[in-house]
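Each of the two complexes below includes subunit A, the first together with subunit B, the second together with subunit C.
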Partner chain A sequence: MNLEPIFQNLVYGLFVGGLYGMAAVGLSLVFGVLKVLNVSHGELLMLGGYVSFTLFDAYGVDPFLSIAIAAPLLFLVGLGLHGGLFRWVMRLHEEAKIKNSLLIGFGLALVLENLALRVWTADERAITTGYSGEGVTLAGIVFPYTRMSGLVVAFMAVMLLHLFLTRTYAGRAIRATSEDWEAASLMGINVQRTYVVAFAIGTALAGVAGTLVSLGYTIAPSIGLAWTLKALVVVVLAGLGSIFGAFAAGILLGEAEATSIYVFGASYREVVGLVLFIIVLLLRPQGLFGRRVR
Partner chain B sequence: MRTAPPWPARAAERFTGPAVLLILIAGALVVPQLTDRRDTITLLFLVFLYIALAQSWNLLAGYAGQINLGHAAFFGVGALVTRDLWTKEDVPFAAAFLAGGGAAVLFALAVGIPTFRLRGIYFAIGTLAMAEALRITVSNLRPQVTALPAQALATYDLEPRYYLALGLAVCTVLVAFILPRTRLSLGILAVREDEEAAEASGVNALAHKLAALVLSSFFAGLAGGTFAFYHVSYYPDRPFFPIWTFDAVLATFIGGVGTLAGPIVGATFFIVVRDRLAVEVQEVHQAIFGLLFILVVLMLPGGLVEAWSRARRLLRRTR
Partner chain C sequence: MLEIRDVEVAYEDLQAIWGVSMEVAAGEIVVLIGPNGAGKTTLMRAIAGLQPPLRGRIVLDGAPIQSLAAHSIVERGVVLVPEGRRLFAGMSVYENLLLGAYTAKARAAQAKSLRRVQEVFPILAERRDQAAGTLSGGEQQMLAIGRALMSLPRLLLLDEPSLGLAPLVVRDIFEVLRQINRDGVTLLLAEQNARMALELAHRAYILEQGKVAGQGTGPEMLASDHVRRAYLGYVTAGEEASEK
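This part shows the complex of A and B:
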């Protein structure tokens, strides 16, 4: 039996999974800290992808370099969105907060998708660099450069986030706030500012993920919901508050989808991921890597 | 806490709502006799369809407190079953229509029993995932467009579609009107307010949530059947699109979730404003609609219905 295609598929699953993880990390951070569910996360990812695409298309900026522009730009977008929209739901009690943030997210998704449709049209876009399609072959298995670098970038972004959250004052403030905002506030942490920073970082991470999506996958105004759903699935699979857990769950989902292609065919790839998600949700509501709260 | 107004005002208030509704229904009944304009009839058809869809979502979300983001699945199942029985198996439409509603209920029970173990936001995400899994499956299994048979096409008339949607909207609103006046609703409302406390006082939470789900999915399925009756041709996965859930959610929240009038006001506002915006500003109408919606959520957390009653209380105080 020829095992090469199976391994090739698993390798691709790893790359796709890294991207899922990257898309989920930002959402996980925002959900964990602000306790709001931003369903326009996928649209923010789409925006990041278009920033990189435009930079590449108009100025020939390498997509990996454009991350240095897309991430800060999306950080600013995040500041604006929090100040203009999500700040207003923060003083509500838990249930109303989640509900209203969900609704604002719906409205925002509608706005962003429509604006993207006007600015970049409905055409599917992707970045094709000079080195796209090239790669190294090891034992008959191809490792394309763009996807490998994508995985490395995603892992580096998660590492940086981890270092930020554990080694800096602002990062520790974020973690303290996510555990108990009242206690954090009593310890002298400026909780409102922490919310702003966490939301903006989450948006910037969506931007990085968007750049990686534009490389080797496609960017279109309508991709938002699919990526939001992917990120949600990964966040819930991982359990809340676990940054590396989200990344690992992303890879797990990528591999599960890749494997399922052999059993059910490529068109059911997404369904398998979603069903897996529902099963995990029912059997282990705290997620694969989360701690039980109560 | 809102204090009760003195008796005469209260009695008047009690009957103005139903009276206004009856006048509106009577008006809607004669519209096709008064006008031949297809755009007006179509717009009203959409208003009725959205009232039914939004109100059916409200039955579960507003009364039982379960934010279901998989509502499109019930709408889709109803549309799929009705369309197939009607156009492929030559079942009379009325039977196919009811079968569509029944199929939506069966499907809802099958997925409801496991997903109701989830609480709050996890229920919302779980139902969204369920509906998306079903949508992708349907688009894989049924990639071909479904079109009305030539004979049905030759006799296609807008009027029966209009009256079907009107009748469905009236029935859905009627159920939403009667439900809070039944014993069953006491349990359902108790579950919405506090599931643990309800269980502790002997309310079977799962049974009450399922009861609300049955009503909600039945009318969503019938709304799907109305969609299948109305459209000449469409891809079978279209009624499964998440946009049907989101539109129902938007309409309900614009009007006021958990109220009888909310979905009616919200759906009407939603369809009419969207239609006007599409004419006036064309390309960016979705963006403007999105902004408008965000404003409603931020400024009027209880929706238009609450804004109205607040304005009225303000008037009463100044008088």
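This part shows the complex of A and C:
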């Protein structure tokens, strides 16, 4: 039996899974800290993709270089969106906060999608660099450079986030706020400011993910919802509270999809994630790597 | 130091505090006793800025603080050890202590404060890298107090520090509180454990149904009929007579 296609599939699963993880980390951070499910996360990812596409298309900027522009730019977008929209729901009590933040998220998703439609049209875009399509071949299995680098960049971004959250005062303030915002405010932490920073970081992470998506996958105004759903599945798989957990769960989903393509055919790819989602919710509602809620 | 004037506090549509006035002078240990549900916790939360009062003034060293956010009140040196301790359970003992020293002023003194806290509670040095949620109840209370000390409080508010602890541990904790006070920190303590609290107190207030129902010095309160009947468990008239 020829094992090459199986392994090739698993390798692609690893690469796409890294992107799922990358897309989920920002959503998980925002959800964990603000207790707000930002359903426009996928649209923010799309924006990041268009930033790198535009930089490449108009100025020939290498997409890996444009991360250094897309991430700060999306950070600023995050500051603006929180200040203009999400800030207003943060003081509401739990139920009203969830409902209103979902409404804001869906509204924002529509606005961003239509904005992208006007600015970049409905055409599907992707970046094809001089080195796209090249790669190393090991034992008959291809490792494309762009996707390998994408995985490395995603892992580095997650690593940086981890160091920031565990080694700096601002990062510890974010973790404290996510555990117990009242106790955090009793430490002298300005909780409202922590929310802003966490939201902006989450948006910047979506921007990085978008840049990686624009490289080897496609960007279009309508991709937002699909990415939000992928990220949501990954967050539920991982559980809250673990950054690396979200990344690992992303790779798990990527591999599960890759395996299912080989076993059941490509048309069942989307089903696998949802089946995993339901199984985890039934058997381990705190997620694979999540803290059990006391 | 702290002056509370005609304060009223309500949650949604339920009012818990009705026109409370009290004072805490610098260097004092003031105790707030009262039954469960009397509003002790609510009053503490109002002072700390977690539950802004509906009406009335809370004045710290002449400046009103009743409309400040909780983090600004910490910066002014008023620090609450909340009911139930509210540690960051998933973080290590060390990280909890570091978070205590979050404000700019406290951060500058962090190393010194850490040494002092570990001197007062050596167990916290031993358990440095352990997750706070895995500590015993007494150790958790010590960490909660240690964390608050890291914020360099001038006025330390403690809400039920004896809750759920063994009597011997409570004794240790109260001894530490006495020592903290001798080091110059003013204490306001809400307690159901009235006897131990009143023995520690310079002055005390009784809070009943959201109102001040009595006040006096610690010894006065220990001798008061009302306090003895309602909070110290003396029931028979004969016993009361023989105590006098």
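Quick notes on this structure:
One rule holds for everything that comes next: the second predicted complex is superposed on the first by the 294 of 294 C-alpha atoms of A that agree within 3 Å, B and C clash if a C-alpha of one lies under 4 Å from a C-alpha of the other, contacts with A are read in each partner's own complex, and residues count from 1 in each chain.
One rule holds in what follows: a residue touches a chain if its C-beta (ideal position, glycine included) is under 8 Å from a C-beta of that chain, and two chains touch if they have at least 3 such contacts.
What you see is a predicted model, and the numbers here were worked out from it, not measured in a lab.
After superposition onto subunit A, the modelled positions of subunit B and subunit C are compatible, with room for both. Of the two partner chains, subunit B is the only one touched by A:Gly107; subunit C is not.
Looking at the shared chain after the overlay, A:Ile189 reaches subunit C, while subunit B stays out of its contact range. Look at A:Ala176: by the touch rule set out above, it reaches subunit C but stays clear of subunit B.
With both structures placed on the common chain, the touch criterion links A:Trp88 to subunit B but leaves subunit C unconnected.
Partner contacting the larger number of subunit A residues, of subunit B and subunit C: B. Panel annotation: after superposition on the shared chain A, the angle at the CA centre of subunit A between subunit B and subunit C (CA centres) reads 90 degrees, nearest 10. Contact with neither subunit B nor subunit C is seen for A:Leu163 once the two complexes are overlaid on the shared chain.
Once both complexes are placed on a shared chain A, the shortest Cα to Cα gap between subunit B and subunit C comes to 8 Å. Comparing the two interfaces of subunit A, the one with subunit B and the one with subunit C have no residue in common.
Chain contact summary for the complex, subunit B toward subunit A: residues 67, 114-115, 117-118, 120-122, 124-126, 128-130, 132-133, 136-137, 140, 242, 246, 249-250, 253, 283-287, 289-291, 293-294, 297-298, 301. Only residues 48-50, 69-71, 74-75, 79-80, 82, 86-91, 95, 98-100, 102-103, 106-107, 133, 147, 151 of subunit C touch subunit A when the two sit together in their complex. For subunit A in complex with subunit B, the residues that touch the partner chain are 37, 85, 88-89, 95-96, 98-100, 102-104, 106-111, 113-115, 118, 225, 229, 232-233, 236, 267-268, 270-271, 274-275, 277-278, 281-282, 285.
On the subunit A side of its complex with subunit C, the touching residues are 169, 172-173, 175-176, 179-180, 182-192, 241, 291, 294.
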